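Just so it is clear, A, B and C label the chains in written order, and each chain counts residues from 1 on its own.
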Amino acid sequence: MSDEMMMRLMGDLFPICRSITGEGVRKTLRILQAHIPLIIHEVPSGTSVFDWTVPNEWNIRDAFVSNSKGERVIDFHKHNLHILNYSTPVHTRLNLAELKPHLYTSTEHPDWIPYRTSYYSPNWGFCLAHNDLLKLPEDTYEVVIDSTLEPGFLTYGELSLPGETEDEVIISTHVCHPSMCNDNLSGIVVATALARMLLDKPRRHSYRFIFVPGTIGSITWLARNQDSLYKIRHGLVISNLGDAAGFTYKRTRAGNAVIDRLVEQALAETGTEYRVLDFVPYGYDERQFNSPGIQLPVGAFWRSQHGTYNQYHTSADDLTFVQPHQLQESLQMLATITDILETNRTYLNLKPMGEPQLGKRGLYQSIAGDSNHATLQSALLWVLNFSDGTHDLLAIASKSKLPFRTIAQAAQLLAKTDLLKIHS
Amino acid sequence: MSDEMMMRLMGDLFPICRSITGEGVRKTLRILQAHIPLIIHEVPSGTSVFDWTVPNEWNIRDAFVSNSKGERVIDFHKHNLHILNYSTPVHTRLNLAELKPHLYTSTEHPDWIPYRTSYYSPNWGFCLAHNDLLKLPEDTYEVVIDSTLEPGFLTYGELSLPGETEDEVIISTHVCHPSMCNDNLSGIVVATALARMLLDKPRRHSYRFIFVPGTIGSITWLARNQDSLYKIRHGLVISNLGDAAGFTYKRTRAGNAVIDRLVEQALAETGTEYRVLDFVPYGYDERQFNSPGIQLPVGAFWRSQHGTYNQYHTSADDLTFVQPHQLQESLQMLATITDILETNRTYLNLKPMGEPQLGKRGLYQSIAGDSNHATLQSALLWVLNFSDGTHDLLAIASKSKLPFRTIAQAAQLLAKTDLLKIHS
Amino acid sequence: MSDEMMMRLMGDLFPICRSITGEGVRKTLRILQAHIPLIIHEVPSGTSVFDWTVPNEWNIRDAFVSNSKGERVIDFHKHNLHILNYSTPVHTRLNLAELKPHLYTSTEHPDWIPYRTSYYSPNWGFCLAHNDLLKLPEDTYEVVIDSTLEPGFLTYGELSLPGETEDEVIISTHVCHPSMCNDNLSGIVVATALARMLLDKPRRHSYRFIFVPGTIGSITWLARNQDSLYKIRHGLVISNLGDAAGFTYKRTRAGNAVIDRLVEQALAETGTEYRVLDFVPYGYDERQFNSPGIQLPVGAFWRSQHGTYNQYHTSADDLTFVQPHQLQESLQMLATITDILETNRTYLNLKPMGEPQLGKRGLYQSIAGDSNHATLQSALLWVLNFSDGTHDLLAIASKSKLPFRTIAQAAQLLAKTDLLKIHS
């Protein structure tokens, strides 16, 4: 997808009030279906999923606080962050002191509306800029929350792209956040664009994209797919992909999975600043994939880390905060990562006794015109020496300090001769 | 024990002339029996203990050098360091040149009496301040050493505190040094105070305290207890615990025992300066516990390392050199170490598929009033994620960079629910 | 060999025009036979050796370019680097433009003749100083190369020095370079001197020296000796041993072979600057020994690394570039390395329960006169503690940070008692 297409999609999704259940997620997924053949799954409220239960479905039509003159001083229709997400329905009149315990603000960023939720303990409330709270006079306020919290469904989207093998790569992103762009329309849009890109390509791996509400969504997906989890060989949970920071990779629980080595190699080759973090059991849905009974090799990929930028979980995480070229750069980085996943193999040197004679196979000629000559020549020797069945191309790239693409190019040249074959 | 009690005990023990055998050790152990129910063992001279033989018992009543006027110019009764420890009996007259080969001084610290021994090659001698040696005129000196070196016993003390399990923690300290405080009345006093403290507590581990003469004492103890060494799971050899230096930990030979991880974690959490040293095959009795045929997980715990302070093995290592609050700090550190030993367990997450729902078990509520809220919340997740049967709480504390006590608190909270049980 | 003998041998070898086959190598090996009982092997052209075929034998009698006045402007008899090594025979007349594609120079070092070869693609050419090329006027030149490239033999030299055991140490050096001193008359001369030195000594290991043309020579040797490669326990490929740089060691492919630990320990003990490099699959013949089907523990030992000094592969690598004391220092370092190889053993402590009593075995006395007393005393304890069947003396030297010779001396003292015996 072009920068513009990604921004247009983000613009379409921005106004929707999403939550962990309800019409917001459904609308979001239907918009994505215009780009990729997503299947929408509906899981009934009350379904047991591991230690959890799918909650009642939440929907909201209107919510406001109006003063004694009937003026709406807080209005859900102005910004859907105004409502405490998952607020129970209410219609009452309160004075300011009674109202205040239900009002959430951020004194640190007094002009921005904070994002607050109360999914699992029934409550109601409003969020607003702290400066607006200070302006509220003593008065009698009418409070209306026209929401429903009733048996329904938890909704998620799934796209399976079968490849030559059953070995599966999973990309997961969360779809529960209302109008905020970096967290996480950026993840939704980039995942959609990446899926769109992979749709058109031959694939050695199978790919599975899941668009799920945070925590309960990934737990629900895992619980419903236990029998096929064994197919997952690599995975990434993606979010926060539109801001200006360099890339951040959070390792899997094991810390030495192929995806760990791969993303670190890819990031190192960018030549730009990046961060690699060890696994910690909090963050996004990588914590579910890395729980001790699941232990799938799934890392997390971000630009900024959640919670480390001022706009995080506020109304300032809007369409001006993310930049199209940053979304595009994130998409391209993920495309590079999947390219390496497709290309990374373990080869076997078929003439392992001494160095084979490259000259008689035209391997000097074949590369004479290449400006990259000396490097590729060296890559041929690295691939031959370490293709002993125990080093994949990533390991050889890392050992040789040569770019993965040069090592892969050398392997492809050699694999056309009698010198090298795929081992695994 | 209070600071004062520890200093009083040290004052009682200070004047006694100890050695590797003899009445000095017996008197010392009898004084300790007023505080802890120590059993005193007597091993006959001539007993074979591994490659060694228990030597004859040494006792001394008087020793002096007097000048031709009959004045004692060196007098054992003024300071028991004046006698070369284990000196054979002698009564003779010598001129200064004949006497000098039997006089030991320290030119580096000319006002202090050095501590010298000759346990295994028969010899006699006196130690004195170098400045006093310089003052000795040419004269005929009478030399009297009223000592005995005869078949008798090697004496050591032992205290066994049985716990819920046979798994044993051994604390060893040496009792062979005469009137010096840091090396090693400090070790004797702190070991006694620690034993006193553990006597009154419920204990998961069994504890064994041994008060032994250096080298020959620990070898004798090991030789006599070969059949039960398998019970020892952790151990420390302690000494030099009263000076002003930060703590020093010397690792076991393996270097990665639980006691190694534990003491390093505990020291790191103090936030003060400390040193951790790799095992070397010299030092105190840790070298016996770590000999290649024994290989018990026993580290060494000191403030200053032996030989690194000026007062070491001189008369300046006296009651003014150690400070009560430093003894107390050493005691408290050892108490912390035994607390962690008691608390450190490996747990099993009983809901390992995805993250369990903490809210429905009141684990948010239970901690809401805790100022430590966010840290404990994070500790709950660390404990759940890594309680897979292969990480003990120490490993989780180390991975999470959270204090051990927070991790332990989280484990205890979780163990009250259906989420966690003890694995080992 | 003395400095002078090594320089005289180098002077004898310098004028010879060597290549990968032909009379130059034969003459070289015959000169070495005056010093060591080398066996000369001849392998017929056309012989299959792994992926390669022994090429036709190249010999050259004369080669020149003369101008229209009959003056030789490039003359092989002035310097044998003037000929492109392995040039096919030619007799023709060319103008300057036609001649130039066959002339090789170095613009970087315009006064020196570069060294160029074309072993495996038939070609002819001359090498000359770039400044001399610039002086060549437009003219008609006569080009004569009186060479032959015909079925014959590949020639290499081999010296086997049987030892007490079949365990073999291989030292390999390349003999294909014409008149250049550091690369590689230095390797040839030092290998000869080392072999001369080992001839006169009792040897626990067997030693094998091979003097082979680069690449094809080591491949030929490996292919012809496949059945006995299993005997090789350690090895070094040596070259570039006469220049002024500190030593360089290039590790084996595994990186943790005994030879790796050994050379690093020996270099560290020199107290001078040195470099240790990880294995890379290019360089000299170590790449054949470390190919994935061979994987022998063979490192490479140099002063300067090939390609890192200006004179490399030019006429400036002459008899003034190498210094006799540098050759001698290289020889002595290799002698130290073989000494350590002979001395390094794994011992077993026969009294492993506690520390044995050294005093009663006179091990204090035996060392009392030694200025090295305290260090040796400590070495005795290190050897006793770590002689558990899993640490060789090198490992103990490394752990203790004591010199290998001190650890070895301690082991030899202990092995004379009932405390220690050789394990392996």
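By our rule, a contact is a pair of C-beta atoms (placed from the backbone, for glycine too) under 8 Å apart; a residue touches a chain by one contact, two chains touch by 3 or more.
Everything numeric in this text was worked out from a predicted model, so none of it was measured.
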Original post:
What pattern do the touching chains form: line, ring, star, complete or other?
Top reply: complete
Subject >> Interface composition of copies chain A and chain C: same or different, split at half >> reply: different
**OP:** Measure off the straight-line distance from the CA centroid of chain A to the CA centroid of chain C, and report it in whole Å.
**Re:** 55
**OP:** Mark out which residues of chain A touch at least two other chains, giving numbers and ranges.
**Re:** none
**OP:** Give every residue of chain C touching chain A within the complex, in rising order.
**Re:** 49-52, 120-121, 215, 218-219, 222-223, 226, 253, 280-282, 287-288, 290-294
Original post:
Which of the residues in chain B come into contact with chain A in the complex?
Top reply: 349, 351-357, 359-360, 378, 381-382, 384-388, 400
